[in-house]
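Below is a structure I'd like to ask you about.
To keep things simple, chains are lettered A, B and C as they appear, and every chain counts its residues starting from 1.
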Amino acid sequence: MKLSLRDVQKTFGSNHVCKGISLDVQEGELVCLIGASGSGKSTFLRCINLLEPIDDGAVYLDGQDIAVPGLDPEPVRRRIGMVFQSYNLFPHMTAVENAMLAPRRVRGVSRDAIRPEVSALFERFGLGDRMEHYPDQLSGGQQQRVAIIRALAMRPEVMLFDEITSALDPQLVGEVLDVLLALKADGMTMVLATHEMGFAREAADKVCFLADGRIVEEGPPDVLFTAPKQPETQAFLERALK
Amino acid sequence: MTRLIVAGALALMGTTAVAGGHLCYEGKTLTEGKLTIATGNPAYYPWVMDDAPESGKGFEAAVAYAVAEEMGLSAENVVWVRTSFDEAIQPGAKNFDINMQQYSITPERDQMVDFSEPYYAAPMAALAVGAVSETEATLDALKGLKWGAVGSTTGAQKLINTIQPSSDPLFYNDNNDVIAAMQAGQIDAALFDLPTALYLSAVVLDGGTILGQFPADRADTPDLFGMLMEEGNPLKECVDAAIMSLTESGELAAIEAEWLQDTTGVPLIQ
Amino acid sequence: MTIADEGSGKPARTRRQIYEDGLRKRSLMIAGTSTVAVVLAIVLLVPLAPGWAAVKKSFFNWDVFSATFPKLLDAFLIDVMIFAWCAPAIAVLGLLIALARDVRNPALYPLRIFSAAFTDVFRGVPVVLTVYLIGFGIPGLGLPRPWNSPYIWGSLALILTYSAYVAEIFRSGIESIHPSQRAAAESLGLSRRDTMWYVILPQAVRRVVPANMNMLIALQKDVALLSFIGPVEIFRQAGVFKSLYANFTPYVGAAVIFLAITIPATRYADYLMAKQRRDRS
């Protein structure tokens, strides 16, 4: 098992956001988290790469518990890439500098050494001519692709995607989802919180429906989407697929 | 020397306060029947003792009362106010008839305000502290010191024009700041009028020494203290007459001897 | 007021444009007329005031002005010099203090306390007092020349005071950067230090450039406070001339010199600030 979460608990003050979430992700699997806004998907993702320290429970990466309190989160975060809904590119750097910063500072690779690898990523995802642009000179879809490239430049073993198409105009969603399909073909292990039901249905290996800080139901997409067992899941899908 | 010349000139003019049955000052003062005199805030020894000019103690306080009396005003008709230098020279209505704070008479200042006849000729003196106290009282030796002065005094001018120090002098707001800079070792020596220098060396500055005084006749502008009045003040003629009469009678010299007697015996700067 | 000629190839102006041009012309006329009227009133009425002749002689005396202005310019070079070494020192120290308030290491806790106390103290004391206390006080401990120079300790007083303000400006800049930037950097495995240095600070510093420009303008003027402890810079030189001539015109001359520097600088700061507002909207 590449990634394994056991009974993850997270509260913010009196707000209990994750009420004991467990999830297994196999190497090369694409897992989609669906559920209404505020159901805890985002927080759950942030707990996986330790952006939010969890209160209780365990996160195993390759069988090793990485959520032990007091453990340095930095080495773990290098192995887990994350892409955000609002891109969060560094606005004062060009696209290519955005992508090279972490390899240079964290992996200690020189600009010259990392540049070919990063350029190849830009070429591959159709941004070869946008490398020297600043984020505000790029469209939303382009920015989000740069954000994915920035995470990939760290050669992560697992990628987390937090509603990465929610802020995009509808006609730009496709270009970003295509990137995910390409990564899946590469065998990347991915967890994706999304509202794109069509994409989850076609591309996911497993879909989890979250509500109120819990996984209510999980299973292969054709099962979950066509024959949900829980009434909550049925109600959500009815609304979402209308 | 200067004083003698002044006294001689005055003797020729021969004036009195009373002319034709009425007193000269009448109708010319701020408040009828009162003479309003300004001093500094605070006023310093030995010009005014204990910052209390009403006592008549201290050279300028004593001169003030003598002048008032000469003009025909009794002591209780003298009113004291305080002003800074800037207030003394600003245009517009003044809150004093005459202002006495060791103002040196210069031709430039005279264009803006009126000065009375001089009541004192102040030699400039060099006050030093610390290791340089042994410096010879010659211009050549003094040039090498690090100098300071109060920026608003003629001492600052004399420093630049006569001593011409080899490194840039530092100028300050008042006597206390000059002393602070001397105590901090930032300057070696400073120029004051002699009575002030004597006071500072005796009372305020530990280890202060007077290196010497500038003879009045060697200065390009001998420092004569005058009472400052608003330009065109009609009272000037009355004040002048009083001062000349006091000079003539020797009373001014007597006041000076009483309050500023220590000024003799300071070596001259060659 | 005609619609652009037909056939000239120029696009005709819209009705809205014609209307707005008319409005603009009218408001320009009104603004121009009222400005001229006010200026005329000042120029014509002030000299009628009974004290004008005396004021003119004391404050706007051409003879005094021309005699003193060149030396005031010379003295201004000292202000420029003091400014030139204070400004970079303030930037560095202000930044260090801003960063010190963010340290997490418990061993460095005294540093946090110190920087908090530092900003409180030096923002709370009038600059001129700091100049006096440090400028006379520290040399009074017995430092040998030239280490007791009022230039050194007076400059230090300015540097400490202004660093306290600039540190707060930097901090507000740092805090204005959205937490998502930090999250993005940390999700890439960047250390806290690298996150601050490569991601947060470059954005924060840019954002506070206009505020810091205003601090520079204020510093430019406060350099004159060093005159209190000895240096004969422009303000002191003007004061010396004032006593010599018993005339305030040298102060007017000094003000002219200051304005020649600060007005363009203020305009530039305003321009930067307006630009930033545009960029952000």
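Throughout what follows, a contact is a pair of C-beta atoms (placed from the backbone, for glycine too) under 8 Å apart; a residue touches a chain by one contact, two chains touch by 3 or more.
All figures in this text were calculated on a predicted structure; none of them were measured in a lab.
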{"item": "Chain occupying the most central position, where position means C-alpha average", "value": "C"}
{"item": "Far-end chain from subunit C, centres as C-alpha averages", "value": "A"}
{"item": "For subunit A paired with subunit C, centre-to-centre distance based on mean C-alpha positions, whole Å", "value": "47"}
{"item": "CA centroid of subunit A to CA centroid of subunit B, Å", "value": "86"}
{"item": "Distance from subunit C to subunit B - Cα centre to Cα centre, in angstrom", "value": "41"}
{"item": "Residue ranges of subunit C in contact with subunit A within the complex", "value": "180-181, 183-191, 194, 198-199, 202-203, 206"}
{"item": "Residue ranges of subunit B touching subunit C (in the complex, touch as defined)", "value": "85-86, 89-92, 106, 108-109, 111-113, 146, 148, 151-154, 156-157, 168-173, 177, 180-181, 183-187, 231"}
{"item": "Complex contact set, residues of subunit A against subunit C", "value": "46, 49, 51, 73-75, 77-78, 80-82, 84, 86, 88-92, 101-102, 105-106, 147, 150-151, 154"}
{"item": "Touching residues on subunit C, where the partner in the complex is subunit B", "value": "51, 54-55, 57-59, 136-137, 139-140, 142-145, 148-150, 227-232, 236, 239-240, 242-248"}
